[in-house]
Structure formats: structure tokens, C-alpha cells
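So, here come the structures, one by one.
Next, two complexes with subunit A in common: one pairs it with subunit B, the other with subunit C.
Let's look at the complex of A and B:
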């Protein structure tokens, strides 16, 4: 590995961590799309800042751009407060307008300005190592490494300082106000931090892919855990992994680094979305199928309990009577047999003692409106699941 | 070129006419279908879909190697639909929320699209120049066949809209009721979503991936302010959209270095801002005026009520009293006093006021009448 390669991966990893941490809170607060809005509407701020400083990495530019990010949030909330449109419409109205202003500003000054929209939107990590920070003639490394490094340190410091406050205000706004932690300050604090991060990162990975780096690791981690600390750690890990793996994929395909980082994030998310142990698609579908069978089982047992006459309990009549398909009735019948809930004599189905006990308890819960107790009951009876 | 020149040229110049017609039709169809997106609280779905369409364009190019617009748009349509249904899958089957799902699909698909685009760029046989026009849109590349396609799609959309009008409307406002009535809600839902995706894909070439969502939203959000009736709203949104298209094209054509997409979006934003402020029913301006008028009326009635309280203790209701005894707390200002006199409820003489018979009756029935007055 050459030294620019190491530097690029270092920058990518730092950007990934810096984005993942605020991203977790945005996802948990259901404000993921605000990051999309901010990432677009910082454009006019960047352009204005660039007119003044002529340097994409100047701190003033970052501040101006972050300010326009915060203004976006304020505008969205102001529009939302009028009650004329819903929140998502407000977001969708504000950022394209601001973005358009940015595009037009660039277009009108295309001759004087060395800045184009592609660069802002898409970024190019490969060039990052060439823009170096020189201090008194000494090469201190790439500028963006320093900028993102400082932002990352600030983010981690803020996270450690305000972890408790962030946690409370994220999960229980009422409680946090009661405890004297202002949700408004927390909200705007988080928004400012997100803005600064997005602005710092847009240069490296582009405005749209910043959104991926913020949302995807957090969403992936959220599918794997319900613990805030674990979620933070996991999303940082997923972000860094995708950043490094994405870099090598880009190397292999000779394509955009930011694009392959996002694709990597997408692949990781797809994998977790499908295979996550309890919240993944396959697990959910399996559980839904299981529950459907178990509800059928309960219906079946109740039916048996209600009828003492022979014809209602004849094995061939059950199908037409409860209106089940053949496969379904066989599954349910087998499940009941396996659980020793029923016995079959001369093609007549009847409840066993265990089945009777189970059914009575279930009826008890159903008529007293305690449906939620049926689920633990299945464990109490050591039920083989559907 | 000035704007007047533009409007003269529009009848003679082929390119200008095509572009103007194209943006107008696009604005109309976006406004029409955007109304549904806004009312279904899916405003940002448009943003997600337009970004999700990018890899489809790249893959269509990779497979066919052709830059034929229709092929590329077909690819965009497929990947847009794929994105939409994945969003649904995420929302329905996991505990991730709508915003996260939208943001995820938006950024992941777009990133993948960028990967493909840069990959295509590096290919030896790449005559890919022009693919990136889908990023920001170039209205200037519209040709007659594109416009024809837009008109056809708009026609079909309009036809389907009219055909399924009652179904769309009922699903929009009461999904559960629709289900109990026995309509196939899934089918209606997919149909309307399909047309929204179609409108978005059509717009990619003109306004581009990034700004497409505003095309969809802005006319509808503006139209919403003027009416509470679905048909009127859709009609208005189509008109607003078409006008944004025409004005946007006109402004951008009359200046150098102005790309059409952003200008159209800004014109649409102006429509929204004007509607927010000036619409008679919901607008901020009239709301404020109504608010102040109500407050003035209330203060007037408060003063009258206080006067009534004093006057009824006297035998002669028109017995004069000093103005001095009224104060701010009773809603009293010089203006309210004048107003009361204008209405002939009191008579002012010097620093004294006295209630008239009419004013006395009015005050007496104030609370009985107030309900019928509204």
C-alpha cells in the first residue's frame, strides 16, 4: 500500500465514524431525512463561502455552510408550524429551493469560480490526499484528514459529555423536559453537529453519499440490536468496514470510491435486512408463519372444546367445517398431535387432558381481554412451536 | 434575449417550442400526480424514487449500449419501482421507520448508480457522455419524440385517473373504509404508485434526479392552499405545474448560464410562497387579518358588556357616565369608543358616555346572539 492509499482509507474511516454517530440519533429520532435535506441545502452556503474564501477547506466556508444547514432546519420547522403542510412536505419544499439557488449561483459565476455541482454532490476521495496542509513549510498530511479529524474529536467529546441527555431526549421527550433537559437545545445541538459533519464530509464523499454514511450504518445496526451503546458501536464498525471494503472495491473496478463505499453499505444492509436474527425479513416472515399456525391451532382446539357431537369432530369434516386448505389442516393437526393436545380414535378427534387444560386457560384469557398472556402461556406448556 | 422576445420566438422557433411544451406538460403531470403524493403523506417518496432511478439508467445503458431515451427511461422505471417496493418492504416488515427507509433507499441506490456511472466512464467503448444529464437534467436536450412520449403518458394517466377516480379518492381519504367496501386496495395502491413513479422517471431528463421531488411536491402544496376539494386541487396543481414549467423555461432562456431545472423549481417555490401567504382560506395573511378582526370584535363586546353592567344598575339606561371609569382591562381604547358610537350603541358627549336603547338591547343579548352570529 502506498501512502496516499493509506491516507485515503484513513480519511474514509474517519468520515464514516463521524457520520455514523449523529446518524444513530437521527434514525432513532425519526429525522433521517433531515440529513438528506441538509446535505442538499448546504450548497448555497458552500458557494457563498467559496466566493469569499476561494478555498473549499477553509473553516469559514464550513461554518457558513453549516449555518445554511441549520437555517434549513429552522425553515422546515417554521413552515411546518404554520400547519399549512405536513412535515415531510415542508422538507421536500425547502431543500430543492435552496439547492436550486446554489446551482444558479454557481452557473451564473461559472467563469470566475472553480467549483462545479458534480464535485459538491459527488465528491472525490481520490483527490483528497493531494490537498495538503502546510504548516511553516512542513507537510502535515491531507487537509481533509485534519478537518474531519477535528470534527470527529468534537463529536466524540460531545457524545461523551451529553450521552445521558441525548439518550433521554431521544427516547422520552416528556421525561427529559421534566428533568430539566431542554429538548429544543438537544434538537438544535444535534442538528448543528449533523450540519457540521455533513459539510466537513461532503468534500470527501459528496453531499448525497454523506446521507448514506449517516443513515445506512445506523439502520443496519438498529436491525441487530436494541441497545443504544451497542447500536453506536455497531454502526461505527459497519461504517468503517464498508468504507475500507468500498475503497478496495473501487480500486478493483476502477470506479468512484464514494459510490463503491455506498454500494458496500447497501450490500451490508441487504444482508442484515434479510438475515438479521430477530428483526430481519426472513426471521419476521418465519415468525409470522409460526404465529399464523399457532392461531389456527388455538381456533382448532376451541372448536373441539365447543363440540361434543361426533360429526363435528370427525377428522374429514374439520376441513370443510373450519374452511381450511388441506395442507393447513394437516399442519395444525400434526402440531396438535405433537403437543399431545388431541388424540384420534376411529377418525374422531378429541382433546386430551393437557389440551383441555390449555384450551380452558386460553378461553379464560380471551374472555377477560388478556390476549397478551396467551404468548407466555405457550412457553409454560412447553409447546412445540408451529 | 428578453422575456418578450422569448414569447415571440416561441411560435416560430422549433427548439424553444419543444422545450416549453415539454416542461409545461411535465409540470402538469407532476402537479396532477403529485397531489396524490402530498395527500398520501408520501411527499418525500418522490425524492427517494428519483434517486433510486439512477442505477436503472446506468444498467439499461450497460445492457443495451444504446442511449435511446426510451430504453434508459424504462431502466429508470424498473429500478424506481424496485426502490419503491423495497421501501414498503422495509416499512412493513421491520421496525425501521418511513424516514429511515426512504433515506436508505435514496442514498444506497444513488451511490450504486454513481458507482455504475463512473464504471461506465472508464469503459473503452464508452460514449456515455450524456448519461450525467440525468443528474441535473437538461431541458435543452428535449426533442419532439420526448415531448410526444410525455403527452401520451399524461393522456394515459389522465384517463386512468378518471376511470378510477372514485377508487383513488376513497383510498386517499379512508383506506379502511375502502377495504370494508370490498375494493382491491392493494391494486389501487400499486396503480397510483406506479403512475407517480412514471411521472418522476419522465421528469428525470428535464429537471434531473436531485430536483425532481420539488416538481412533484411544489405545485401540489401550492394548490392545496386554495381549495379543499380534490378535483379542484388536482386541476390547480396541474395548472401551477404547467406555468412553473413555462415561466421557468422563459426565464432560463432569457439569460445566459441558467439551467432550466433549478429555475423551474424556484418558480414553483414562488408559487408555493405566494399561496402560503395570500390564499384566502388558509393563507397566513388572511389568517392574521381574521385573527385581529376577531380580537377587535371581542374587545368591542367586552367594553359594551362592561357598560351594560354599569347602565343596568340605573333606572335610566342612558344616564351619562365618565369615560374615565373605563380602562384598558375592559378592552377600552379610543378607537373602540368611536366604533361603538358609529354603530349608535352609545352617545358620546364631552368626557361622558351613555348607552342608547339599541346598545342596551345589543349588550343584553350579546351572549345569546353570539352563537347565531358566527
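Let's look at the complex of A and C:
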């Protein structure tokens, strides 16, 4: 690996971490769309900042752009508060307007401004190593590495300091407010942090793809865990993995780096969506199939419980009485046998003690709907896992 | 003006959404140590009243004091149980973690909960019979269990006044009895409990104080004196008859 290659991957990884952390809270607050809005409407801020500083990496430009991100949020809320339009409509009204102001500003000044719409939308990660930070003539590395590094340190520090506040204001806005942890402050804090992150990452991955880096890792992690801390760690890991894997995919295909990174995020999400252990599609379908089988099992056991007559319990006539097809009856019979819930003597099926106990508990649960009764059964049976 | 005997004192409170008043000129004096129901039809402003007392909503007029001081100074004396439906139960967290959130107010900004907070939270979970579920993800709890977790979170706040917004909404009879028993225990310990309540039949059995509300305050006082057909009719607008065992 050459040193620019390492630098590009390092920048990509840092951008991915910095985006993933606020992304988790945006996803949990159901505000994913607002990151899309911010990423577009920072454009006029960037253009104005660029006119003033003539430097895409100037801190003033970052602050101006982040400010236009926060203004977006304020405008969206102001329009929404009129009660005339819904939130998604308000978002759809605000960000194209601000974005187009940026586009017009660029077009009007295209001759003397080194800034084009392509770069704004897709970023130029490949060029990031060329813009060096020189201190007293010494090369300190790429400027964007420093900028994103500083932003990342700030994000981690804020997360560690305000983790508890972020959590409670995201989960329960009413309690948070009553406890004196102002949800308004937390909201605008998160919006400011998201705006700064988007502006910093924007140079590397562009306005469209920064959204993927914020939302996709969090959405993927959400399918894998039900613990906020783990969700944060997983998002960071998924973001970094996709960024680096995307970089190598771009190398291999000789394609856009940011495009490949986003594609990789999509692939990872798809994989997790299909194969996640609990919330994944395959697990859900499997569970539904198991539940069907177990409802059948319970029906079968109840039938045995209710009938002592021999003809109702004969192994070859069971399906006629329960009105099932032969295959299904066979499956259910085998399942019951495997769990030692029934025994077969002279072709007559009857409940074992275990089967009787299970049936009684299940009936009691269904009648009383009391969860404590079936706690021990939950390990063995899908039916009761809700 | 400020009478220190009142746990909650609301004077001339008006709250509006988009300039349409939903609570109009409310005066409400709640003595310490009562178990009070707030009753009224849908849209009467019951939840709004609680939210305004807790500073979650800004009133356009009037004042609220808790033991003679503004709410901001008395936060630590007050616990709040919002409506169960107001939060996302798919949030990635456990029952214990939700209860721990009750300790955040005492901790203040930045400081993290530690062993002491955890111990108090476990005790609160035990009190509501949910200790066995402490590590359960909250979406895996039944509606009644979720409500008990919310109650445990209020208990851990160790407050003097408890506000509860429809704690009996969508819970089974066992949970309802468990909750009301805990509320009665709180009253016995001298706490003041204010509950937004829907089931008029159970008011005389559960509560000793009641406020009738329908945008304006209709009546407030001891259940034995004012829980009658006259006030019910005034509040609900129709000729209301409740079989109250006198």
C-alpha cells in the first residue's frame, strides 16, 4: 500500500466513525430524513464560506455551513409548527430551496471558484491526500484527516459526557423534560453535532453519500442488538468495515470510492436484514413456521387431553379427527414424540405426564394470559416468545 | 398567597395549543398526602394539566407552585409517569435501564449512575414484581409489565409527589391491582399522588380526592363529598349516573 492509499483509508474510517455515532441517535429519534436535509442545505453555507475564505477546509467555512444546517432544522420546525403541513413535507420544502440557492451561487461564480456541483454531491476522497497541512514548512498529513480527526474527538467527548442525557431525551422526552434534562437543548445539540459532522465529511464523501454513512450503520446495528451501547459500537464497526471494504472495491473496479463505500453499506445492510439472528427476515420466517407447528402441536395435545375414547386416539385416524393432512399430522406426532409428550401403545396415542403438564400450563396461560406461568417453557418453545 | 400546606397549588392557569385554550383559568389546590384522580372526557386537558404543572408545556397565563416554590426549584420532589404510549418500546434498552433513568434527575447533568443508583433501581423493580425481568429488552414485555417498569422508574425517584398519566391504560386486572396497592402504600407514607384516570366506576374505591376537569375545572375535593351525579353530569355533558356505593 502506498502512503496516499493508507491516508485515504484512514480518512474514510474516521469519517465513518464520526458519522455513525450521531447517526444512531438520528435513527432512534426517527429523524433519518433530517440528515438528508442538512447534508443538502449546508451547500449555501459552504459556498458563502468559500467566497470569504477561499479554503474548503477553513474552520470558518465549517461553522458557516453547520450554521445553515441548524437553520434548516429551525425552518423545518417553524413550518411544521404552523400545523398546515406534516414534518416530511416541511423537510421536502426547506432543503431543496436552500440547496438550490447554493447551486445558483456556484453557477454565478463558476469562473473564479474552484468548486463544482459534482464534487459537492459525490465528494473527492481520492484527492484528499493532496491537500496537505503544513506547519512551519513541515508536512503534517492531509488537512481533511486533521479536520475529521478533531471533529471525531469532539463527538466522542460529547458522547461520553452526555450519554445519559442523550439516552433519556431520545427514549422519553416527557420524563427528560420533567427531570430538568432539557430535550430542546439535547435536540439542538445533536443537530449541531450532526451538522458539523456532515460538513466535515462532506468534502470526503459528498452531500448524498454522507447520509448513507450516518443512517446505514445505525439501521444495520439496530437489527443486530437491543442494547444502546452495543448498537453504538456495532454501528462504528459496520461503518469502518464498509468504508475500507468499499475503498478496495473501488480500487478493484476502478470506480468512485464514495460510490463503492455506499454500495458496501447497502450490501452489509442487506446481508444483516436477511440473516440477523433475531430480527432478520429468515429468522422471522423460520420462527413463524415453528410457531405454526407448535400451535398444531398444542391443538393435538389438547385433543388428546379432551378425549379418552379409543377411536379418537388411534394413530391412523388422528388426522380425520383433527382434520389435518397426513404429512402435517405425521410432523406433529413426531414432534410430540421427540419431546416425550406422548406415548404410543397398541397404536393408541396418549399423553405422558410431561405432555399433560405442558398442556395444562399452556391452557392456563392462554386463559389467564399470565406470563410468569410460562417463563420456564419459553426456552423450549417459540409459541410463547411473542 | 402561597399556602405551604398545599403540595400543589395551581392559580389561574391557562394553556393553549395554537392560541386555542385547552385549559382555561384553572385554580387547583391539592393538599399533601392525598391520592387524587383527575377525571374528564377526552380532550378535557387532563394530560395537559399534568404537563403544565411539570413545566413540559408553557402556560400562557397563571402560576404553579410545588410546596410553595416554582417547579424548577422542586424537581427532585416530583416523579412523573408519562402515558405508556408516549415512548417507543422498541428502543434498544432493558427494563433495569429504564428504571435507572428515574435516577437521572437526582444525578443532574453529566454525572453517571453508579452502584447506589443500580441498587435502588433493583429494589424498585422488586417492589413492582418485575425483578425477574430486569435484563429483558423492553419490547419483550407485555403492556402490564411495561407499565410496572414505568411505575418502578417513578418509585426510584423517591419523590414527595407522583404524577401518573393513565397508568391503568391497557393493563390487565392483576397489574391494575398491583399498581393501586403501591399507590395506596405511597399515600400511607405521606406522599401525594395525582393520577389521570378513565374508569369512573373505580374512583370511589381507589381514590380519596378527585378533580373534575373539562377545559375548566368543574370541582375538586374529597371523593366522599363531591363525587356525585351532579358533578359528573357537569363534566361529561350528559346525564351521567354512576352506581356509587355511598
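As a convention for this text, the second predicted complex is superposed on the first by the 287 of 386 C-alpha atoms of A that agree within 3 Å, B and C clash if a C-alpha of one lies under 4 Å from a C-alpha of the other, contacts with A are read in each partner's own complex, and residues count from 1 in each chain.
Basically, contacts are C-beta pairs under 8 Å (C-beta built on N, C-alpha and C of every residue); 3 or more make two chains touch, one makes a residue touch a chain.
Not measured: the values here are computed from a predicted model.
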Touched partner set for A:101, first subunit B, second subunit C, both or neither: first
Which superposed partner A:92 touches (first subunit B, second subunit C, both, neither): first
First, second, both or neither for A:175, with subunit B first and subunit C second: second
Which superposed partner A:209 touches (first subunit B, second subunit C, both, neither): first
A:222 touches, of subunit B and subunit C: first, second, both or neither? both
Contacts of A:348 with subunit B and subunit C, given as first, second, both or neither: neither
Partner contacting more residues of subunit A (subunit B vs subunit C): B
Partner chain in contact with A:231 - subunit B first, subunit C second, else both or neither: second
First (subunit B), second (subunit C), both or neither touched by A:167: second
Subunit B/subunit C common contact set on subunit A: 30, 222
Of all residues in subunit B, those that touch subunit A in their complex: 38, 41-44, 46-47, 51, 89-90, 93-100, 102-104, 106-119, 122, 132, 135-136, 210-211, 213-214, 217-218, 221, 224-225, 257-259, 261-263, 265-266, 269, 272, 276, 282, 284
Subunit A partner contacts - residues on subunit C that touch it in the complex: 18, 51, 54-56, 72, 75, 78, 80, 82, 86-88, 91-94, 98, 101-102, 104-105, 107-110, 112-113, 132, 137, 139-140, 142, 145, 153, 172, 174
Interface residues, subunit A side, partner subunit C - complex: 28, 30, 83, 161-165, 167-168, 170-175, 177-181, 222, 225-228, 230-231, 369-372, 375, 386
Subunit B-facing residues of subunit A, complex: 27, 30-33, 35-36, 40, 79, 82, 84-86, 88-89, 91-93, 96-97, 99-101, 103-104, 107-108, 110, 117-118, 121-122, 206, 208-209, 211-212, 214-216, 218-219, 222-223, 250, 253-256, 258-263, 265-266, 269, 273, 279-281, 284-285
